[in-house]
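Here the structure comes first, spelled out in C-alpha cells, and everything after it is commentary.
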Amino acid sequence: MTQSTNTAMPLLHADRVSSIRSGRVLFSQLQLAVQAGEIWQISGANGAGKSTLLRMLAGLLVPNEGEVRFNGQPLHRVRDDYHQQLLYIGHKAAVKPELSALENVFWQRRLGGDTTATAEQAQDWDVLEQLGLLGLEEEMTGRLSAGQQRRVALTRLWCSTASLWILDEPFTSLDVDGIALLQQRFLQHLSRGGSIVMTSHQPLTDTQLPLQQLTLNSARAEVLL
Amino acid sequence: MWRWLHPYAKPEATYRLVDKLLPWFAALTAVSLLVGMVWGLAFAPSDYQQGDSYRIIYIHVPSAIFSMGAYFGMAVMGVIALVWQIKTAEWSIPAIAPVGAAMTAIALFTGAIWGKPMWGTWWVWDARLTSELILLFLYVGVMALYYAFDDQRTGAKAAAILAIVGVVNLPIIHYSVEWWNTLHQGATITKFERPSIATSMLWPLLISLLGFMLLTISLVMMRFKNELLRHELHRPWAQRVLGTAEESH
Amino acid sequence: MMNSWQLWRSVLVKDLRIAARRRSDALNPLLFLLMVVTLFPLGIGPGPDILARIAPGIIWVAALLATLLGLDRLFKDDYNDGSLEQLCLLPQPLAFTLTAKVAAHWLLSGLPLVILSPVLALLLNLPLDAWWALALTLLLGTPALSALGAIGAALTLQLQRGGSLVSLILLPLFIPLLIFATSAVENAGMGLAVQGQLAILAAISVLTVTLAPLAMAAAVRMSMN
Amino acid sequence: MAFDSFQEFVQMGGYGFYVWLSFFLTFLVIAGVALDALIGRRRLQRQSRTLQRRRQRLSKRQQRQSSPVEESKR
C-alpha cells in the first residue's frame, strides 16, 4: 500500500493518512508522495475510498489521522498558496445547467483565477473548438448530453494555470475521442512540469503517460461499527 | 492490530476524569438540594403577599438561571470545539443540550403553575416565561439538528455552530422580549422580580441555586460519559469500561 | 491573481443570471406572501380597524415565512453540482465570497418585499403614515433575515429533507426583528417616533451581516465532509 | 419552622396543589433525564457486544482466506 520514497521533497505528500468514514476504516497509514511531473492513478473497488482520498488531498476533508503536506508545509498553513496551484474537478463538475456552455467556460475561468476575464474571449472559442463544442456554445448546458457536459467541465484544464491537477473520474461519459484528447492534454501538462492525481475505472490507453499506480485495498479495511 | 488508532487517546483520559469526579458531584448535589428544598419548603417564612405559593421560587429561579447557564456552557464548548478542534468538546454538546432543555422545561412549567394561583391563568406572556419558551425552541433546534445527521461528528459540529449563533442572539432576544413586554403590558407588577427579598428567604434560595448548578453539572457528566463511549465504541478502552471486551485479541 | 472583490461580483452576477432563467423559483415566495396576507381578512373578517391593527404583525410574519421558503435555493444547487466545493478551494476567503450569494438572495427576496409593501399595506388597510415605516423596516430588516437564513441553509446542506428543520432553527432567531419591526410600524401608524426601533433594526442587520458569514463559512466547510 | 403541623405543611396555606405539583413534575423531569442516561449506557453495551461479534466473524473469515491449506485439511 505504500510506494515511492524519493529523496527530493515531494510537491504533495500524504503522510500516513487514515480515513474513518461512518464507522469503517477506509484506509490507514497511507503514504503518497507526488513529485512535479508525475501522474498518479488511484484505483480500487467501489467504496474503497478513492474519492475520499482525493478530497483529502484537495484539502476539502481533514484526515482522521496523519496529514497532507504541500511543499513540506501542512495544508492548513499554506491553504491560499496551495489553492492557487490546485485544480480539483470532483465527481460533481461544477457545471451550471442554467448557463450556456460559453458562460460556463467563463465562470470556470473565473474560478481558475483569471483576472483579465471579460464575458467573451478568443481563447474561450479556441477551447470550445478543441473540445468539439463549437456550435453548442449558446445552448443551455442542462440540455447537452452527459458527455458534452463533461467536456464543458473539462475546459478548465485548458484555461487553468494550476500546476497540480486532482481529477475524480475525468473520463466518465467521455467517448473515445474525448479520452484521447484528454490524455494528450495530460501529456502537455506533465511536460510542463505539472502533476496529476486522478482516479479512473478505465485503464489509460496512452502508453506514453508515465503512469504510477496506487491501489486502495478494501479487503484490509476494518469494520468498526 | 489497533496500532493506527491512538494507543492512549484523549477521550479515555477525559472519561476517567469525569468518572472519578461524578460521584462527588452527585453526593454534593444530593446534600445541597436536600438542604435547600427542606429549608425552602418548611423553614423559610411565608410571604406576606403570595402566601406559601412563593415557595415555587426555590425551583423556578434556579432552573431558569441554569437553563441559560447550560446554553452558555454549550456555546463555550462549541467555540472550543471549532477553534481548537477538540473533539471531546464537540461531543459534550449533545450531552449538555438535553439537560439544558430539561431545565428550561422545569422553569416553564413551574412558572405556569405559579401563575395559576397568582394570575388565575396558566399562561401569561410574561417577559421571563416568553424568554424561556424561546430558549426551549433554541434547545430544540440544536438537538433536532444534531439528530438529523447520520454522521454524529458532523452533527455535533453543526450543533456547535448553531449553539454559538444562538448565544450571540440570546441577549438580543432577551432584551427585545423584555422591551416588548413593557411595551404591551405597561408597568404591571412583575411577579418574579421582587424588589427585595428577606434574608430568611434568600439563604435557602442561594443553597438551591448551588444545588441546581451541581445537579446540572452531574446530569451533563452522566450523559457526557455516554457520549464519550458512543464515539469510542470501537476502541478497546471503551469495551473494557462497558465490560464487553474479549480476552483473546 | 483575482482579488476577492472581483470574485464577489462574478458570483453575484452568476447567481442573478441563473435566477433570471428560473424565474418561478424567485417569484413563488412572493406569491406565497401575497396569498398569506390575503387569507387573513378572509379568516378574520374585513373590518378595517382590526385589519389595520394586526397588519404589521401579519405582514412581518408572512415575510419571515416567505424568507424560509426561498432559502432552499440559496446553497443547495451549488452544493449538489459541486460549485460550492470549488468556492471552498479558492484562495479568496470563503466567508466573503458567500456574502455575494446572500446579497443575490436578498436582491431576489428582500428587495421585492420592500417594493411590494405598498400593495400589502393597501390590502390590509394600513394607514398611509404607517406604510413608509413598513417599507423602511423591511428594507432594514430583510438583510438580517437573508444572512441568518443563510446560516440555516448552510447547516442543513447535507440533509435530504432539511426544510422543516431550517424553520425550526431559524424562527427563534428571527424574533427580535419581528418585535422591533412591528412596533415601529405600529408607532408610525399612531404618529409616534420610530427612530429608536429603526436604529435597532439597522444595528441588528449590520451585526448579523458582518458576523453571519463566519458561521456560514464554518457550516459550508463542515458540509464538505 | 414555618408550619405548626404536618397537615399545614402539606396544605401550604391553600397552595399545596400548586407547590407539590411543581415539585413533583420537577422531580419527574430530572429522574427522566438521569434514567435516560442509564438506559443509554445499556444500549451502548448492547451495541458494543454486536460490534464484537461482527469483528469475530470478520477475523475468522480473514483467517480462512489467508490460510487455504488448513481449509483443505478440514
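Which chain is which? They are A, B, C and D, in the order written, and residues in each are numbered from 1.
Keep in mind that, in the parts below, a contact is a pair of C-beta atoms (placed from the backbone, for glycine too) under 8 Å apart; a residue touches a chain by one contact, two chains touch by 3 or more.
Computed from a predicted structure; not experimentally measured.
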Label of the chain whose CA centroid is most distant from the centroid of chain C: D
Busiest interface, counted in C-beta pairs: B-D
Rounded Å distance, chain B centre to chain C centre (Cα mean): 32
Rounded Å distance, chain C centre to chain D centre (Cα mean): 43
Chain B-chain D separation of Cα centroids, rounded to whole Å: 19
Chain centre separation in whole Å, for chain C relative to chain A (CA means): 37
Where chain A touches two or more other chains at once, by residue number: 224-225
Shared-contact residues (touching 2 or more other chains) in chain B: 151, 233-234
Two or more partner chains touched - positions in chain C: 225
List of chain A residues in touch with chain C within their complex: 55, 58-61, 79-81, 83-84, 86, 88, 90-99, 103, 107, 110-111, 113-115, 117, 140
Complex interface listing, chain C residues touching chain B: 148, 151, 155-156, 158-159, 162, 165, 168-169, 171-173, 175-176, 179-180, 183, 204, 211-212, 215, 218-219, 222-223, 225
Chain D partner contacts - residues on chain B that touch it in the complex: 37, 41-46, 51-53, 55-56, 59-60, 63, 98-99, 102, 105-106, 109-110, 113-114, 116-117, 215, 219, 222-223, 225-226, 229-230, 233-234, 238-239, 242-246
Residue numbers on chain B that touch chain C, as the complex places them: 82, 134, 137-138, 140-142, 144-145, 148-149, 151, 153-154, 157-158, 161-162, 164-166, 168-169, 172-173, 175-177, 179-180, 183
Sites on chain D touched by chain B in the complex: 1-3, 9, 12-16, 18-19, 21-23, 25-26, 29-30, 32-34, 36-38, 40-41, 44-45, 47-49, 51-52, 56
